[in-house]
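Order of writing sets the chain letters: A, B and C. Residues in each chain are counted from 1.
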Amino acid sequence: MAKKGSGQNQAEENYLNESRRNFFKQSSLLTALAVTPPAFLKAAEEGLDEKAAGYFEKMPLAIQINGVNHDLSVEPRTTLLDLIREQLALPGTKKGCDHGQCGACTVHVNGNRVLSCLTLAVTAEGKKVTTIEGLADGEKLHPMQEAFIKYDGFQCGYCTPGQIMSGIACIREGHANSDDEIREYMSGNICRCGAYPNIVKAIADVKKGGQTL
Amino acid sequence: MKNIDSKTHTRGKSIYLDDIPLLQGTLFGAAFGSPIAHGIIRSLNISVAEQMPGVIKVFTAKDVTGENQIGGIIPDEPLLAEHEVDFCGMPVAFVVAQSDDAARAAVKTITIDIEPLPVITDPREAKARGELIVPPRTFSLGNVDTAWQACEYIFEGIAETNGQEHLYIETQGAYVIPQENGALKVYSSTQGPTAVQRASCRVTGLPMHLVEVEVTRLGGGFGGKEDQANTWAALCALAAHRLRKPVKYSLHRMEDMAMTGKRHPYSSDYKIGFDKDLKMVAYEATFYQNAGAAADLSPAIMERTLLHCTNSYFIPNVKATAYSCRTHLPPNTAFRGFGGPQSMFVIESAIAKAADTLGIDSAVIQKKNLIKTGDEFPFGQKAVSEAAECWKKAEQLYEVNSIREGIKDFNSKNQIYKKGLALMPVCFGISFTNTAMNQARSLVHVYFDGSVSVSTGAVEMGQGVNTKILQVAAIVFSIHPDRVKVQTTSTSRIANTSPSAASATADLNGKATYLACTRILERLKKVAAEELGVDENLIELKDEYVFVNNVQSDLDWKKLVNTAHLKRVGISEHANYATPEIYFDKAKEKGHAFSYHVYGTAVTVVTVDCLRGIYEIDAVKVVHDFGTSMNPAIDIGQIEGGIVQGIGWMTMEEIIYDKEGKLRSNALSTYKVPDIYSAPKEISIDFLQSDKDNLAIFRSKAVGEPPFMYGIGTYFALRNAIKAFNPLAHIPFNAPMTPEKTLLALYSNPQPLSKEIKRKDEEAVTSVAIN
Amino acid sequence: MINFDYVRVSTIKAAVDAIVKDNNSLWLAGGTNLVDLMKKGVMTPQKLVDINNLPLKEIKKEGNKLIIGALALNSTVADNELVRKEQPLLALAVQAGASAQLRNMATVGGNMMQRTRCPYFYNTDMPCNKREPGTGCGALKGFNRMHAIFTDTEKCIAVHPSDMSVGLVALDATVLLSGPRGDRRIPFQNFHRLPGNLPQKDNTLERGELIVAVEIPENKLNKHVHYLKVRDRTSYAFALVSAAVAVDLEGSTIKDIRLALGGVAHKPWRLTEVENFLKGKAATEVNYKQAAALAIRGAKGFGLNNFKLKLAPNTLVEALKTATGKS
């Protein structure tokens, strides 16, 4: 599954990940069905281009997650969130509402923050996805992770991965120039514990640091 | 010290229920909830569901191997409805399938035929029909009936607060794995591992030692997972017990919102009397608690409503009665404040009513009546008060008079924007009101490599309790915090736990840990004295070393514990802590209910856009009685978070049930919680320095619930801003003050005009009786 | 979520053909609304035709028109220099919608096509003439605080949730379509519709017609603009009421003006009559208040949304004042 392996940590990580969730959620009818030629034939007949998945069929998906290339097969209905949590055993990205209303599932796709719960995994074909697990370089934390620790930007921690992914993007997009602007552009991430004041401080501090994120 | 979960939280490595690696063969559950709020089940059709692909079994009431009952305080809540349904979403069947999707698809095929019965959603209606969860209770002090005669002014009216959805970002869930010999291992997202254990045992018929409940942490609880985690764990336990397969159920957001109870809505009558100097003479309040369809924790919440009915004030004559009213809503439950905020809102409304009528500032009345040390609460306990200290410091530190002048000036210069100010004193009692629950245990192991393991009954849910417990061990042993690990919460290591609730978790479990560590320390000192050949009294452990008479020896922590082990001295301890001094006599409704009170005063300033009814919270400035905070960073976080949640309850969070008892605000799009913009633009927190002794762990007072009630100040600040725009505005005491209600109030006449928008009983005609 | 077929296309023709061939198919763009509706079982297409690879992302100037590709992301539009300079009202309106994450996913065409957020439409166990014609309108006597105050029927009082569309309708945009019978242009004002006897139909598209772009004519309305959105939270919530204002001021005289309201009707609510009233008049609060009174004529509350009868005119006055610097 995983193609890249940079040193022992990565290998160990992959091993852990694989053993962690060998069993992923599946719709009982669908398990055995892989991508089948008829879907492509049908697509060809109809003059459609590129790839197609037939009803109850899985779809091939080449995707890069946290720098690792994966060749997978997924049902069209699988969201990017379920793919990374269930199939790729990266549970750092959280499912808070599953309807695009809380921001806990925020990840970066090609560098842009999106909600993975409303993204069908198949639409991320050929794209680069970064999750919370992909931020730190070994033991060295990303500046935004450091800042969230420094300013206590969390309580229960459940929304934190989404807040951090969103905070990084907020700065990258150039929307962290004032506390008010940070609030406006971070409003898609709900924190029920109310750690908001510290989240604003953390993002403002990273912005002030001026590092390229 | 930083929260010990900092690293894993920010790396996405913290494990919550839904992140637990699943065992091969794990099955997935999904509940079928009643589509209507009240009725007799005529028939239930699960045959299609049973035939759905991937479905293993559909459980109904008849499949319960033990007792079909999960009610905690009162056995009035079946796990699965059998004859009757009592609220929309009440679990009737539980589908277990090979995948989450398959289970949910099967749930959709279940049909039920219910003969509808009348639906009650209003607590006063329930009371009128005699539908009470428990008999009413009355707390009294002095004699109200005669005291009215002595009053110069009397005001009465109605005050109402709506419920509040917990909206923990991690939804409810459980994962149960069968063990050998018929045992079960239950992972649950619960604040009450023992409650989950008890419920699981009850429905399976297993004894408690065969069911282990383990909790790593919660993605938020706020009271919503104190009792209401039981259902999902019990369902999974029943299925795992019967099928001998791991079973998991993680609720979807909309299921969670529809099927679980919330903060209790209250409708209350108040009557308050003052002498000519505006000292409170008498106060009478009747609380109608909307308990929902089953008791859950309602009787205890009702009790705290009564315990806090006078908030931070001393009133010599009080009569407060509370009714826990059975309606056909999901059983309402604990939520930060536990009935306290509801009664505090009522007395603050009574004060506002008086101030409005007399044309003075509420603060004049509030300040005059703050409770003093030695004053008696209506339940008999004598106050050890910091109320006036907090109030005065807030007035001075935040220059309340100049804020007031500034607002006057602003309001005179601005037509469309008006500012409002309110002060909110808070007095909140710490302890479970059920005396028996004020106990905790801690299991401390020192390993011979010098590392330390601490297990308690505390559940970490963001409040930082594990960090504080770790601090206790590190401080007592005087070792580096890295040597200490606080373990997951497991009923096999710590039995008979009280839930993590009542703000008391750090106190109870911290004190138990303190006891356990101290006992080990005493034994270690003895070993050190033997090793060094000196008197035991000269020994002290400091910064990882043994000190003799304040001089550092060569004997370090690691060597010391290893020596102790070789000498066969026990370096493990299991300690029990029971809060001293507290008791309560329910027959007399008197006692020493709380080990101490937490005090504070919040100054809230808001700006209302009087064209549109929207508003901003400019500032909430607090003087808070922390005692001596053992972790200021964590405690400040609790204050800020509590304020934001309290503001949400008072402003934008509006739960709507229709007349049929169906939840209409059933998603984050229709039920708004504060976003990052809704937090006050400025929050200032000042630590009241006090040398009074208290029973808190290291004198660091509990901080979980008290700050929530600072949010009530926002309601009254908004009210004052509205009055600045329209002095005759009709503003019923009915929280939350949503933007639309604000708008209607801004343009209201003294008597309500638009009848259509009345939700419930509007305020009754009020009277000012001047004797 | 039920499963479905999935095809990915890269030409407009293939996209149109795929939809025409299969009645149970829908196009998938950003998916922010469609995927949500599918999860809730409100929409159950058997096939999704992914159009994200179509070359419709460009924002460009052609002659005196600004052309925005249907697949341009909301965030791209909001941050685009050309849009901000020439049609700042549109940038403000887009910016007011949803959250940063959603704007990174949602497209211009998808934003126009999003369905109402009426809770009765969203809950499959409730009556809703839009979701299931003939079942009735649950909101009419129910939880209707978000609902319309301008409507031509009591069969449906849902509102269109898009902020962007309020901006576009004010700016006299045109929608460019490509369908099985060729290309077509619709004035934006005629794109969304009132419910009438067909509450299930949100717009005037015919089956198989794909939104290719929106076109905005050049104007002198870019100096004095404001998009004022009133909602339960300061951000990240649908509008209770919103007002889009763009004014061409000469001194303090209103030379030209565009006005529209959101959150008040089944479609973005253009206020042509009010514009005509204000044209040539002085930019004063008195005139704005008269205009607002005119704007609200014919409005009707349904109970819990009565406050909008007050809120809508107030919002309009405030937006006018902010746009023209009279506040």
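Criterion: a contact is a pair of C-beta atoms (placed from the backbone, for glycine too) under 8 Å apart; a residue touches a chain by one contact, two chains touch by 3 or more.
Composition by chain, UniProt nomenclature: A = 2Fe-2S ferredoxin-type domain-containing protein; B = Xanthine dehydrogenase molybdopterin binding subunit; C = FAD-binding molybdopterin dehydrogenase.
Just so it is clear, the model here is predicted, and its values are computed rather than measured.
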item	value
Chain closest to the assembly centre - both centres taken as Cα means	B
Chain pair with the higher count of C-beta pairs in contact (B-C, A-B)	A-B
Chain centre separation (subunit A, subunit C; CA means) in Å	30
Inter-chain centre distance, subunit A versus subunit B - centres from mean C-alpha coordinates, in Å	33
Rounded Å distance, subunit B centre to subunit C centre (Cα mean)	41
Residues of subunit A engaged with two or more neighbouring chains	27, 98-99, 183-184, 186-187, 189
Subunit B, residues touching no fewer than two other chains	101, 254, 667, 669, 674-675, 677
Residues within subunit C bordering two or more other chains	1-2, 40, 233-236
Residues on subunit A engaged by subunit C in the complex (per definition of touch)	27, 30, 43, 46-56, 59, 75-77, 79, 98-100, 103, 106, 112-115, 118-120, 122-123, 125, 166, 169-170, 173, 175, 183-189
Subunit B-facing residues of subunit A, complex	19-23, 25-29, 89-99, 101-102, 104, 131-133, 135-136, 141, 145, 148-149, 152, 154-161, 164, 182-184, 186-187, 189-200
List of subunit B residues in touch with subunit C within their complex	35, 101, 105, 108, 254, 416, 609, 611-614, 616, 652, 656, 658, 664-667, 669-670, 672, 674-675, 677-678, 738-740, 743-744, 747, 754, 756-757
Residues of subunit C defined as touching subunit B within the complex	1-2, 40-41, 117, 119, 122-123, 125, 142-143, 145, 230-238, 240, 301, 303-304, 306-307, 310-311, 314-315, 317-318, 327
Residues of subunit C touching subunit A in the complex	1-11, 14, 17-18, 21, 28, 31-32, 35-36, 38-40, 46-48, 50, 52-53, 75, 79, 98-102, 104-105, 233-236
